[in-house]
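Paired with chain B in one complex and with chain C in the other, chain A is shared by the two complexes that follow.
Presenting the complex of A and B:
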């Protein structure tokens, strides 16, 4: 990697331009321009549509600080992001370990396919099928009552756990994939060397495998935490009344209230907060990795 | 420190018999080489002794204590891996300290032990480096220091010099031998390099297809191989096949070859004779006076390879190509196509039953 960069800089950027240009042109058109427009909107009093009057204002940003509901919801969303990320680690890392270090050949391919299956199904379909499972008298409730000798009432629908379940289901493949890649790169002889030096399997896990797979854990956590903090689909459908989060408020501004400027401003505040968190975490994470 | 006893150990992977009833006694403090071509089972045997894998049948004892079902971390062994297997996330000193630190020894004691081990492998100043900042030879030394710092009962080496270039390998052979003598640890060394096995070990075990072919001191195996395989795998050998005569063999054309040592094969049975290339004298025509029972063959030089201090002649004789190595003493050199007489003593000939 370092060698390739050195070669690229020695030859200059020009020969690489034909290769870089399509991607960056596309990013400019598809992301940079709309995003710039959103930055512009976030400083407006109203949308400049249908000849409406508008002026520049900082009021949209001020609203975040003057109304405590927004920061409360942002904190709730950050907590949601943290919890979902932790569950993804707890569920995804052992699966990645088994995929990378225990299974071989065709059984590995089969299990791998099952892990990435959620990617191939539509997000809405996924969420609504969870609704079928989690509601009272739903699949989970009926199945448990059919097996258990006593009557229990499972009604997870429209609750915080339902939101967590839905989000973890959507995002756990990211954790499995990033951890799988780093775990697979760990030479098996390192594990054997650790054990030959008298370390138990658990000691080898904590002192050798987890430190070496830190880059995968960090990448997975970043890939999960950022979108979950801004998520709105799972909270709205699975959370019901309890599913009001920062992401659903932003969505409301765009879809229901039609207050694009406020929605844009809230989005950029979220972006700033996430960037600050990642920047603060970077030195700690770099040391760990 | 302790000896290792391997008794009737077998291990199969599916239909493949990786180890087939292998028994070897590794005496306390010795330096053993397990030698064999790839797939001969030498690494499998080492892994059974280490405890990474358990035998299907048989017994393994370290220091008289049965360990064949004891997991590797409880066997108190030291192991050096082919690719060194240093932990890339730790400094050199932390790598060496690993075995002591998982035992929960006090930090100050660990630091002193680590420094002693690094000094022993002459890397005393490099404790703060990361493995990727070291050369291949230095990594090798770190791996060795890490393996011996825990004072294991046995040191196991899995082709540890395979990844080094020739000059460095010779240095490390000497170094490894020095360290092994200094701490007096029983050492079992897996290699496919016959020269390495000959120069380093007190005893060699030759494996082939999961079976122990021959075991003994290097000189004994070299001078008295018990099979054609042992004769040709450890060093070079000319092999003659014929019918046993009681004290040698008779070739198809009626020539007899006398052997002073080797197996006792009943007269008339199929047998082979092995003779080392450097034991054969080569001369032109006129027979020098020699002992009456000396083996003599006529042939024709087909090729000569000059190697500085010696020359290797390939001599064609009755459809067989024989190899003869002659020291360059300044005597007349033979040319290709020349008729020659080969002569060697029965003392240099080993009879092998087929």
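Presenting the complex of A and C:
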């Protein structure tokens, strides 16, 4: 392997530069400079545009720490992220297990594709599709009333559970994907060895299978938790009035209230929280990779 | 062994449950787009009116064209730049290479809400402002890391001796790349391109912050329509989008698997 690499790789940054520059320049202009600009703007009183007066201030961050509404909403978003992640584990892990260890050959391939397919279709549209199922007089309501002997009213639309359902639906394929990849890598003989040495199914699950698939669980959790904490469209559509979270407040600063510096500060605080969480997950992932 | 059989059947049943959870709302949305009642009332009455009324909705048509145009340009640019970068990362060994590879993850891992608002602030600050150009700048940046990851994965299966052999037979760098390397990594490049198209065509959050009333994309237009109130017209256009993106993904899967086998 080392020999092969020596043949392929040639030393020096200079010949690589013309190939690398366009892509990395683009990323710099459209991702890294904007992120730095956001940090910069978050310390300003106003945007330095059209001759407006501006000065440096810590006021935007002071607002986060002095008004409890922002930290309350951040906590609500973190809780939402945690709940959605847990549901994705509960629903996704068993499915990944069945895919990796029960199904074989073509049916496994086909079902795997079916599970991750919706994930690549438009997220906004999938969230919207739940509106038809969850509203009063919607499909769930009509179907349950047709089956059940007594009359019930299902109107989950514009509620916290509706937001959870929509988000779990959006993100569960991530968990199935990452767990499937690690579960598939577990040698079946390890499981058989455990069983033949007298371990019960439950013991094999907790002592062999779950520890070995931990990297997949952690990766899936990070991939789900981070975007859910920053979600705003899903709570808006399915949560209605109850759907105010940290993400929707940031959205408001940019599209309704037009307090961009405050929005930038709130975004940066979210970014810091997200980076801390990713940093905590990184050692576990590196050990696996 | 009987318990094993029962557990396996329970597992299969569970997969069916999961698949219905995943597809049920989409199927219902599609069905309702063919239902005559504008308030989604049952019993079901077949109509295609909502689809034909889409043709009269100029705003939606303009937004659709914008979406397609931006997705196509994003695909072309990000596939080219991304493939070049992957080639460099594969071929050359230099200090800071791992850092460059690590730089690909922030665009994927940071929530789009943060990336989108940051782009809005920066583009406004430097005078690009909002609109289709800003959206295109953003989409290419979001698609690039996906292209690089996918093409790099394909390059891992490439035997470097082939390049060496071509070179020793007198081919120059350009000929080696175009005649030996590129044909080999083509399935990866195509898969990367399809990924890029999907990333751009389905992108909502970043486009939302970068669009203006006249210059917007289809998902942004749909979001505005949903917030005004649900209509079967949104169902119709949403159904079309879902079908298009799923077809694209199936195509990608074909190429990507093909890429993994050889």
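Note that in this section the second predicted complex is superposed on the first by the 246 of 289 C-alpha atoms of A that agree within 3 Å, B and C clash if a C-alpha of one lies under 4 Å from a C-alpha of the other, contacts with A are read in each partner's own complex, and residues count from 1 in each chain.
Here, contacts are C-beta pairs under 8 Å (C-beta built on N, C-alpha and C of every residue); 3 or more make two chains touch, one makes a residue touch a chain.
All values reported here derive from a predicted model rather than from experimental measurement.
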{"item": "Partner chain in contact with A:236 - chain B first, chain C second, else both or neither", "value": "second"}
{"item": "Which superposed partner A:90 touches (first chain B, second chain C, both, neither)", "value": "neither"}
{"item": "Chain B versus chain C as contact partner of A:58, first or second or both or neither", "value": "neither"}
{"item": "Touching partner for A:274 - first (chain B), second (chain C), both, neither", "value": "second"}
{"item": "Residues of chain A touched, compared between chain B and chain C (which is higher)", "value": "C"}
{"item": "Contacts of A:193 with chain B and chain C, given as first, second, both or neither", "value": "first"}
{"item": "Which of chain B and chain C A:69 touches, first, second, both or neither", "value": "neither"}
{"item": "Partner chain in contact with A:144 - chain B first, chain C second, else both or neither", "value": "neither"}
{"item": "In the complex with chain B, residue positions of chain A that touch it", "value": "187, 189-190, 192-200, 203, 207-208, 211-212"}
{"item": "Complex contacts: residues of chain A adjacent to chain C", "value": "4-5, 7-13, 15-17, 19-20, 22-24, 26-27, 29-35, 37-38, 41, 47-49, 91, 94-95, 97-99, 102-103, 111, 113-115, 117-118, 120-126, 128-133, 137-139, 142, 169, 172-173, 176, 226-227, 229-233, 236-237, 247, 250-251, 254-255, 260, 263-264, 267, 270-271, 274, 278"}
{"item": "Sites on chain B touched by chain A in the complex", "value": "50, 52, 71-74, 76-79, 81-83, 85-89, 98-99, 102-103, 146-147, 150, 156"}
{"item": "In the complex with chain A, residue positions of chain C that touch it", "value": "8, 11-12, 14-15, 18-19, 21-26, 28-29, 32, 40-42, 81-82, 84-85, 87-96, 100, 103, 106-107, 109-115, 117-125, 137-138, 140-141, 144-145, 148, 160-161, 163-164, 198, 201-202, 204-205, 208-209, 219, 222-223, 226-227, 230, 234-235, 238, 241-242, 245-246, 248-250, 252-253"}
